[in-house]
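Each of the two complexes below includes subunit A, the first together with subunit B, the second together with subunit C.
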Partner chain A sequence: MKKKHFEGRHLVEYFMKTIMRISLVFVAGALGLILWTIISRGIPSLTWDMITQVPKGGYYMGKEGGILNAIIGSAYLATGGTLLAILLSLPIALYLKAYIGDSKWGEYVRLSLDVLWGIPSIVYGAFGFALMIAFGVRASLLAGIIVLALVELPIMTRAMDEVIRRMPADLEHAALALGSTKFEVALRVVTRQMLPGIVTAILLAFGRGIGDAASVLFTAGYTDRIPTSLMRPTASLPLAVFFQLGSPYPEVRERGYAAALILTIIVLAVSFGARWLSGRLNRYTVK
Partner chain B sequence: MDTHIQAKDLNAFYGKQQALKNVNIEIPKNQITVIMGPSGCGKTTLLKTFNRFFELTEGTQLTGEVLVDGQNIYDPDVDVTEVRKVVGLLAQRPSPLPMSIYDNVSYGMHIHKLKKNRAEYKTAVRHYLEIAGLWDEVQIRLHDPATSLSIGQQQRLCLARGLAVEPEIILGDEPTSALDPISSQHIEKRLLDLKQQYTTVIVTHTLRQAKRLADYVIYMYLGEVVEAGPAHEVFNNPQHKQTRAYLEGQI
Partner chain C sequence: MSETNQSLNIQAEGRFTRPSAAPRTRQDKLAQHTFFIITLFPVFLILIVTIALFLRAWPILSEYHFSELLLGEVWKPNSGEFGFRPFILGTAWVTIVGLLLAVPPCLLVSIYLAEYAHARTRSLAKPILDLLAAIPPVVYGVWGLLAIVPFVDDILAPLADRWLGSVSIFSVTQPTGFGILAGGIVLAVMIAPLIVSVSFEVFSTVPNDLRHASLAVGATQWQTIRNVVLPQVTPGILAAIVLGASRAFGETIAVLMVVGNVPNIPTSVFDTAYPLPALIANNYGEMMSIPLYDAALLGAALVLLIVILIFNILSTLVLQRMLRRKSA
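Showing the complex of A and B:
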């Protein structure tokens, strides 16, 4: 009855476990390395001025100023894009659940969303840019928000869909038995039950939106000013990272890492905030 | 006998499998009707045809009519939400909605817009919780999640919630089978108290419960109604060999 560690099935198990552990180390290591790089290189340049000032005259040659323009710009872009995406995603996800279900049409919709998910964001940017030219619109906050919403739409909808599909049938039937319409079930019961998961889906999309450089490159443009109107161009953090890292001045390149660090901190803060929020929203859900 | 629900030539299919075979029955108003029979005899299926829950299962098909107050509820003009407002359901296992105790009861009243203002809703919530015998236990925690209640309390909450939409008929699909004996007693007592005002149809697989509750009995076997009649007649003097065998515990 003794364990034979190096025979047959036990050997296979041992082997597989080792592989899993190695990949875990790789993943955790990569994350650690990324964080280490942006923290160690970003911290020295992360001054108070960085987050409270817009670029001054000589900023791009290493003189004073900061990237408040990009921080505010990204906040506007990602928040606007995410809100717009919610307005489209939630109804699609609820419609899929309430009326289409797992039918053939449902599968087509899901396939389309998956394809959209896979399209690189530069393509969305180019698409938005082509439309803007056709309509004679300049790079602006509004254009950036719309294109970001398109980038976020498939990931948000599919994430919501996966959550909402797990809705317990008992609960749905309980609401139907009281004479609810399918819409009332979707709005008053499904959304409430699945709120924590829906918040996670929104967050996932927000994370993709705020970190995306390619889609806002042509559509939102870049400017040293804080945007005051939807029709004006705006800076964004990913592009701030991109432009500064490409600079010949070492000080500016270091500031690129600081910008990356700020972006990471924002994403982490939003993640933890949403975790905390969905913990609170859990109160009424039926387990 | 004053008929409230009537099934006419009812046939129900899950795919190719026939679950109800030519069912013709009449269910009396303001009495407790118990549908009994061995597992898989179609009793739950029959119950589900009364509030149009049968069609929620994919690949099902139904022929025939179910009349509630003389109106065929399968008529294309009939609004299914109205049917389910009139015909309430107490499910096998309580499933509270993901909201507070208070909101669980007021939910149905809200969607049907039964009350005019907040004060009326408040009074009504209390009223139905009292009828369900739950008020004393929950009055200080109305805004706690409904899931914080015990299973037995949840089932009484589901009863209050169902009554709050002002139905005429209560269907019970083995409503006590998931509950402990004390909680089952509670539910049975409520159903007996309410039978003057509501037509109640209960599916049960326990003969003793059937005997405690029934005014009228339907005995089913293999998708067919074998025997139906007033409880004392069916229990004391069953007409069919089948029914007798079941009552004697042979099936």
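Showing the complex of A and C:
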């Protein structure tokens, strides 16, 4: 009798489970392949000069120099963009939690943030460019920072909102019952309790910002110097990779691979850092 | 401080007044108004971006008929011909190939993670997806250039030539590896984390009772998924796919690096293409020197934006409704 229980449907079950596992291995394998390609091709031309020097004369023909200009430029751009984005996204996320909750207006705000998230960075770049023409501004660090802040804003706010939303309502009620105003709840309860999530959201957005090329292409320009003022153009890592890969000189292309490796390391470090930090900070919250 | 003292003094004189909450309430109201004004920003930003691009694109929209721009096949900015058709078709081809490659494995992975996998597998899969999502587009481009383009050139193209040469969408005419297929493969990997995580979220909206009821009457797990879970989540899955499509549609740098950038009308997956975002990114440098060129490129950005807005608003509305059902 027992044998009869094995029917075609069990075979289907087994088959589906197998191809699902294969798909999962496929996706994981893609990540492995990407990392392996970037690391194995990047390491040979990764030298100390790459990260400590700015391009010297003839750098783009394979002579000496490095991409310190792009590393510093990207750090400025992403840090500036992230700080600017925090100024907007923290209030929005707190407002959504402490003041309006799941109301209609809250839904509109979330909807528009999700839609903004979907807008590709090339469109933000084109928008920034349109504004720059209108105001007569040249490509500069400031323009790049503003456009990156726009790119990062929806990512950061939605990530914050997702964690803040999950805060136990009891904490909020307890504070309100003691006579706190909503603002005090937002500032002293929500922000502290949800600090790990907020930090993760900020780092997530920073990682996205530092790797974004299409938005800064129009707005930040490119230069071999490290920017000394907000109104100067600045280089950035993604564009350093992009431009060097387009070079006819093999040495320069090799350095492009190394630049891609540097960018990947930074982004992965930020990503792991976010995970580690949120784990550490989580110890101090009310469970 | 002085407020408190004052109120205490008054109490000491025997008259009853509550300690004044005025400054704190005022601070609260002020914060509420400020926060409210800040939340207006994202809502209006969508409008502002659309209007700004529309205004910059107006010179060309007023000069040419809309269908002339969208359907025109010739792109010669120097002689005033702005036909977007090759670029629109290029974008469509790359997006569709990317989706076709990404959707089946991504759905299987999300079903596996949502329905079958151990908590341990899940906690291993999450960082993998996070890392895939964190890798910058330009790095995907480098990977495409170093790994996918040679792979298409050395392995896929000869295979297709040998076995599928008679099928026109697989015919190989420009054997370089650069082209729609390479772009599609890179895009498929780029949009995978998005599709997997959104559809995973959607699967978790189905109440467990339904699964248990089906399993209890003897259905296998796959039967339960097919007949009970999937019908519940179809709109959400479609929304996840549309989100993936719109991400693919606007992807610029990674695609630009592997797709060949030749403005032809593609007929095969091995053909080169020139998607809209690549057009914008490649030509921003010279666009101020040719009349109407900047209007044409910002018009291209406008077309991109409008298609993506439609895709995004529809899918987000569907998802918001589904996820609300879960919390209710």
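Operating definition for what follows: the second predicted complex is superposed on the first by the 268 of 287 C-alpha atoms of A that agree within 3 Å, B and C clash if a C-alpha of one lies under 4 Å from a C-alpha of the other, contacts with A are read in each partner's own complex, and residues count from 1 in each chain.
Basically, a residue touches a chain if its C-beta (ideal position, glycine included) is under 8 Å from a C-beta of that chain, and two chains touch if they have at least 3 such contacts.
A quick note: this is a predicted structure, and the numbers were derived from the prediction, not measured.
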### Message
Between subunit B and subunit C, whom does A:Leu171 touch in the aligned arrangement: first, second, both, or neither?
### Response
first
### Task
Tell me which partner A:Thr181 touches in the superposition: subunit B (first), subunit C (second), both or neither.
both
### Query
Looking at the overlay, does A:Ala159 come into contact with subunit B only (first), subunit C only (second), both, or neither?
neither
### Task
Please indicate which partner A:Gln193 is in contact with in the superposed arrangement: first for subunit B, second for subunit C, both, or neither.
first
### Query
Now for A:Ile67: first (subunit B), second (subunit C), both, or neither, which partner does it touch?
neither
### Query
Of the two partner chains, subunit B (first) and subunit C (second), which one does A:Arg21 touch, if any: first, second, both, or neither?
second
### Task
Mind working out whether A:Tyr284 is in touch with subunit B, subunit C, both or neither, as first, second, both or neither?
first
### Query
Just subunit B (first), just subunit C (second), both, or neither: which does A:Thr264 touch?
second
### Query
Should A:Val147 be classified as contacting the first partner (subunit B), the second (subunit C), both, or neither?
neither
### Task
Give the label of whichever partner, subunit B or subunit C, reaches more residues of subunit A.
C
### Message
Need the overlap of the two footprints on subunit A, from subunit B and from subunit C, as residue ranges.
### Response
179, 181, 184
### Message
Touching residues of subunit A toward subunit B in the complex: what are they?
### Response
168, 170-171, 173-181, 184, 188-189, 192-193, 283-287
#### Entry: Touch list for subunit A against partner subunit C, complex
9-10, 12-13, 16-17, 19-21, 23-24, 26-28, 30-31, 33-34, 37-38, 41, 88, 91-92, 94-96, 99, 105, 107-116, 118-127, 129-131, 133-134, 150, 153-154, 157, 179, 181-184, 186, 204, 207-208, 210-214, 217-218, 238-239, 241-242, 245, 256-257, 260, 263-264, 267-268, 270-271, 275
#### Entry: List of subunit B residues in touch with subunit A within their complex
51, 53, 56, 81-85, 88-89, 91, 93, 95-100, 107-108, 111-112, 145-147, 158, 161-162, 165
### List of subunit C residues in touch with subunit A within their complex
21, 24-25, 27-28, 31-32, 34-36, 38-39, 41-43, 45-46, 49, 52-53, 55-56, 104-106, 108-109, 111-113, 116, 121, 125, 127-132, 134-143, 145-147, 189, 192, 196, 220-223, 243, 246-247, 249-253, 257, 277, 280-281, 284, 294, 297-298, 301, 304-305, 308-309, 311-313, 316-317, 319-320
